[in-house]
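Labels run A, B, C and D following the written order; every chain starts at residue 1.
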Amino acid sequence: MEPADDIIESEDTALELPSDPMRLNMGPSHPAMHGTIRMVLDLDGETIQNVDIQPGYLHRGFEKSCERGTWNQVFPYTDRLNYVSPMLCNIGFSLAVEKLMDITIPERGQYYRVILGELARISDHFTCNGASAMELGAFTPFLWVLKVRDWIWKVLEQETGARMTHSFGRVGGMAAPPTETFHHDVAALIPHIEQVTGEVEHMLLHNRIFLDRMQGVGNLDKEHALAMGCTGPVARSAGIDCDVRRDNPYMLYDRFDFEVPVGTTGDNFDRFMVRMEEVRQSVRIIHQALEQMPTDGPVNHPDLRVSLPEKDDVYNTIEATIAHFKLVMEGLKPPQGEVYSYTEAGNGELGFHLVSDGSGTPYRVRVRPPCWYNLQACRSMILGDMLADIIPTFGSINMIGGECDR
Amino acid sequence: MATFKLDGEDITFEPGDTVIRAAWRAGREIPHYCWHPGLSVAANCRMCLVEITSGRKIDMPILKWDAKKSDYVPATKPKLQPACQFQASEGLEVSSKSEPVKQAQGAVQEFLLLNHPVDCPICDQAGECKLQDYYLEHQGTPKRKLTEPVHKPKGVRFGPTIVYDAERCIMCTRCIRVCDELAGDHVLDMRERGNRNEIVLAPGRELDHKYSLMTEHVCPVGALTSRDFRFKARVWFLKSAPGVCNGCSKGCNTHVDFDPRYGKVYRLRPRDNMDVNKFWMCDDGLMTYEEAHDNRLFMGRVGRGEAGDFVGAADAIAEAAQALKSVDGNEIAVVLSAQNSTEDNYALARLGRALGATRQYLAAKGGWEGDDILREADNNPNRAGATAAAGSAFAGTVSDLAEHVASGDVRAVLALGSHTAADTASLAKLEGLERFICLASNGGGMADAAQVAIPIANWAEAHGSFTNSAGTNQPFKRAIPAAPGIEPGWRAIASLAAALGHDLGFHRVQDVRAAMKPASADSDTTEARA
Amino acid sequence: MSKAVISKLQSEFGDGILEKNAFRGDDEVRIAASDWVKVATYLRDEQGMDHFIDLTAIDYPEREPEEPRFDVTVSLRNHDTSARVRVRTRVEDGASLPTLSTVWSGANWAEREVWDMFGIPFEGHPDLRRILMYDQFEGHPLRKDYPIQRAQPLVAYRDVPRVAKLAPFGVEEGQPFARIDWAARLDGADAQVSPSIALQSGQRRALSDSDIHHGDAVAPASEE
Amino acid sequence: MAGMTEFKTGESNFFTTKFEEILAWSRKYSLFQYPFATACCGMEFMQTASPVYDIARFGAEAPRFSPRQADVLWVVGTISQRQAPVLKRIYEQMTDPKWVVAFGTCASCGGFYDNYTTVPGVDKVIPVDVYIPGCPPRPEAVLDALMLLQEKIQSGASGAPLVVPPREVPKLAQLGVNKRQAIGATAVYPEGTIK
């Protein structure tokens, strides 16, 4: 365990008689540890003197597995990185390979990606906030957001065919164009999202227990957060005004008008509120995207070297058959090179560091998991706090095992 | 050295080189179908058209479609030249990537695919097909022709080895040229013209000369397929290891194509080696891959025929050591094999010297006739290597050995490999012998005659080397892993030696090769060291 | 923005910058391992690269022995200008690299992961332990020569006949049929038959139709 | 309820049944569950517990995060080699009678994580009663699995995993089966090749 040099002596511990710290094991099988994190705590009474956070219980060999298939065969694995918002991981990887190949997909496809991605972001934030509320005893909001998440999943299922793990992204487009009812369904879904957002806030923000356990707990210092590599809501709550969608606009995010909520103290309450506000901003983005999205036109990149031809042609013309064979049996071949492509996922900057040797198989796929670094910063958040404060703090980080341990 | 510029890059060429050949030597590929480095120039596929940017411009007037005017307008385009026929000259500047060239390549590609059947799912060439590769590289556009493609004969039997599909054929005439120029047998020719054009056999003939598989090998598309390889495997799943053909003492370089999933060799292909086999191999050589799996010894055997019972390799080695212990050195005969790798032979010779055996015999195959193209008269890949490994002169062949056994001079035989030219009569003489150990990868011949048979890996399952009749030592590499418990010959021999109380010090194949070096140079030194 | 940083680096370190690269707009420099901490500190203090993004490694076993085996890269971001640079260096197999966790505390876990996955030790790291795998694990899984299917179970698998039937994979089974067999490839015998697939295992383009061009003589086998 | 007969004797009614059956009946409708949720499947487990699907309707509402109070161990998600000892320990801490449900493909067979770090199916470590296919399984599948488990509890069977009663098999699949039987599909590898 690392030496805790930055331990804060709180008053009551100073008054206590000196005593040996108690070593307490939390997790990996602990309801609040999401089943995949182990914390070894040194407790002085109830005050956390030192903590050793041990991830890795859900290491599934993502990066190694990517080095054996084709580039498009990576998508099922990316689904299971952040399994609360798989679509964002899909899009992130598509954009990374497209950056490697230096192509951009047609506008309609980009709007499609934006809308699906923002829906995924909403379900991600809802899940995090609802779950951390539940862990503090507020069970009803949890059930409400799960209800909404199921509605979102129904829309995603109609579009992609799967509730959660869509494997819907492709290099150079999406697996399928939008369905006829896509616009209507999303438009019909949005009011429900807004309503439940309000309901959840109304319930929780008048709950004294909830506020007491969230406010002023798990503070995160700005400079420390930067050095720790925090991104996303965790960083924004600490007053770091960064959002890849705005700072380095990818896809069409420079066309939308949205704000980036920023917290002040970096405590759990700020993280909660930042996520709630981002849900509203995502709704705004979806509204604008739905208006701007062209109703017809291609979704996938036209080049047959990148995207699969129509099945009809594959069965009837030799050209399409050849393209299909080459893409399926050998895979598309990005040029030799190395890129780092980053997008704003539910937990922050999701980066893909790709190395291609010019072949149809990835040479190296490094994913920069946002919550890996957010979880790293968790140690300094809970040092000096009480044992019970681990629950809201850890919950508000939204550690997703698949993404953190890969 | 004279040079010319290809896409701005200096390419050196020898006098008489064409542009495409000079580029090929320099490792630059200009797309081509009908050109083959080993064949004469036909220049009929037009895929290798390039633009000559130096010298006087030759511009041809054309009519170009103008979308704005929706009418044809006069324009010019440069006269392109086939790189396979254009002589390279000092200071020449060639572009194989300029816009007109790309257009031409795309047009040729589209033309070749006009009537091509949708056969990739059932075509053995799929995966190594030039049409597929060049489609993605040089065309990439969907089909524009909407009418029914022309239909031609499919599945025509050309001979015992080759089947022809006229619909897939692009009429590059490589097969015709390989028959004419390699085999010297004008059995194929072309008839009709335009989209009726097809390859035909000479009347009353079959494609049955000794190099018929080379027609399939040079065919850039799936028109000619080998009846042996047809529908056996998909080349996407095959891997390939560098090998050396064990058909004859020419030592043609091969690709051993195997499927790593099943550890099975599916075919051999010629590997370029300008000093030995250029680009070619003969049919019999290509079919030697079957020995990799036919009639293999997977277990050791103690006892002959019905009486023999099968044991593990280790037990067989122990049995052999038991049999050899009680025999005096000069009564042991060591039989090297011209069919096995130099490493195995050398290890056995070393063991023989360690045992004090003075009699060395050579087992070799027979029954083969050569020609003046590739095939040597001797069908043993490693006679030279075995001789070098022996270090001293041989006391004769297996039939001589049989005589010596009958006369009682030899009371124990330690043989390598099962192949022998000796007739059954002489083998029958050996079958009387109580102490007859044979290390072999395949059954039959001496392996069946032996009292103790020890299984070893064959040429596809172990690293090794053959020395061909020209005296060049050519190493080859393991393709597939040997069956569990089966070791390479030299290692089996080393463990046999260990069982007999001699340490040959062979642990890795490098050890054997390091010890061999003086062996090939001078035999006395190895005698001293042994 | 990041171009300016690169030129500043150039003027500051001169020959210390071994290589500059801007593929697809990713500005990166390669430096010697000896300058690792120096350049990092300069970037943090002088160039305001206060946002630590990522640190990872890439394994090039075929580069040995001429060149060091591993590439280690660190990606950085300037929070005020949101400029990004990537710094890379090369490390021999077995050699170590000074830690960056003293420069950016965020490098702590990243370096532990690189040690865990690639076996590159970092000098001066506060506690260099495995982080994703367990201590009993032998080897470093992300090295190209570690077979992906080699599992090292902590709990002995149940020995019931039904288990074999129900679960498809044993300890040593799994994903043996990757498109690239690295053991064979490093042995030189992983040539692909299909010329276009041959590219996928990094083999040279076929020139004549006997598609893989190994050169005229085959190198002696490296290992039996 | 199985094996129950009703008697009417005028003023009062009473039932007779076997003690085991009344015990099993009471057990199967008050299952305390231990959700060992590690990965993606946990999301679907949440949905199953959510109002939309509401697993509580089937008498398995209360989650107990102490193995000593739990009857059913839901292994929800991928089990890595590093996690396996923890899982085994928890299973051993549970009190009999106890049942295990392998939730999702990873828990059943490792799924496509067949690599150096993933346990190829939790039944390599602990015995499993019900397997749920799917990556992740739909909530309907989860409810179906719960009902299967209840059938098993009622039937009193123990040990061997529950075999789903045969349902209608598509024609093609049947053909495949017959063909495989016809050619006696045993030898995956040709004789003498590497395993």
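Convention: a residue touches a chain if its C-beta (ideal position, glycine included) is under 8 Å from a C-beta of that chain, and two chains touch if they have at least 3 such contacts.
Quick caveat: nothing in here was measured; it's all calculated off a predicted structure.
The chain pair with more C-beta contacts between its two chains, of C-D and A-B, is C-D.
If each chain is reduced to the average of its C-alpha atoms, the one that sits nearest the average of all protein C-alpha atoms is C. Mean C-alpha position of chain C lies 41 Å from that of chain D.
The centroid of the Cα atoms in chain B and the matching centroid in chain D are 55 Å apart. Rounded to whole angstrom, the centroid-to-centroid distance between chain A and chain B, based on C-alpha atoms, equals 54 Å. With centres taken as mean Cα positions, chain C sits 25 Å from chain A.
For chain C, the set of residues touching two or more other chains reads 133-134, 141, 146, 148, 175, 194, 196-197. Contact of a single residue of chain A with at least two other chains is seen at positions 56, 59, 61, 64-65, 326, 329-330.
The residues of chain B that reach two or more other chains are 127, 132, 236, listed in rising order.
Contact residues of chain C toward chain D in the complex are 133-134, 141, 146-155, 157-158, 160, 162-163, 166-170, 173-175. Of all residues in chain A, those touching chain D in their complex are 28-31, 34-36, 56-61, 64-65, 76-77, 79-80, 83-84, 127, 143, 146-147, 149-150, 153, 163-165, 401-402. On chain C, the positions that touch chain A within their shared complex are 23-24, 26, 50-54, 56, 58-59, 73, 75, 79, 82, 86, 104-106, 108-110, 117, 126-127, 130-134, 141-142, 144, 146, 148, 175, 178-180, 194, 196-197, 199-202.
Put simply, chain B touches chain A in their complex at residues 113, 116-121, 126-127, 131-132, 135-136, 139-143, 236.
Here chain D touches chain A in the complex through residues 36-40, 42-44, 46-47, 50-52, 65, 76-78, 80, 82-83, 86-87, 90, 112-113, 115-118, 135-136, 138, going by the rule given at the top.
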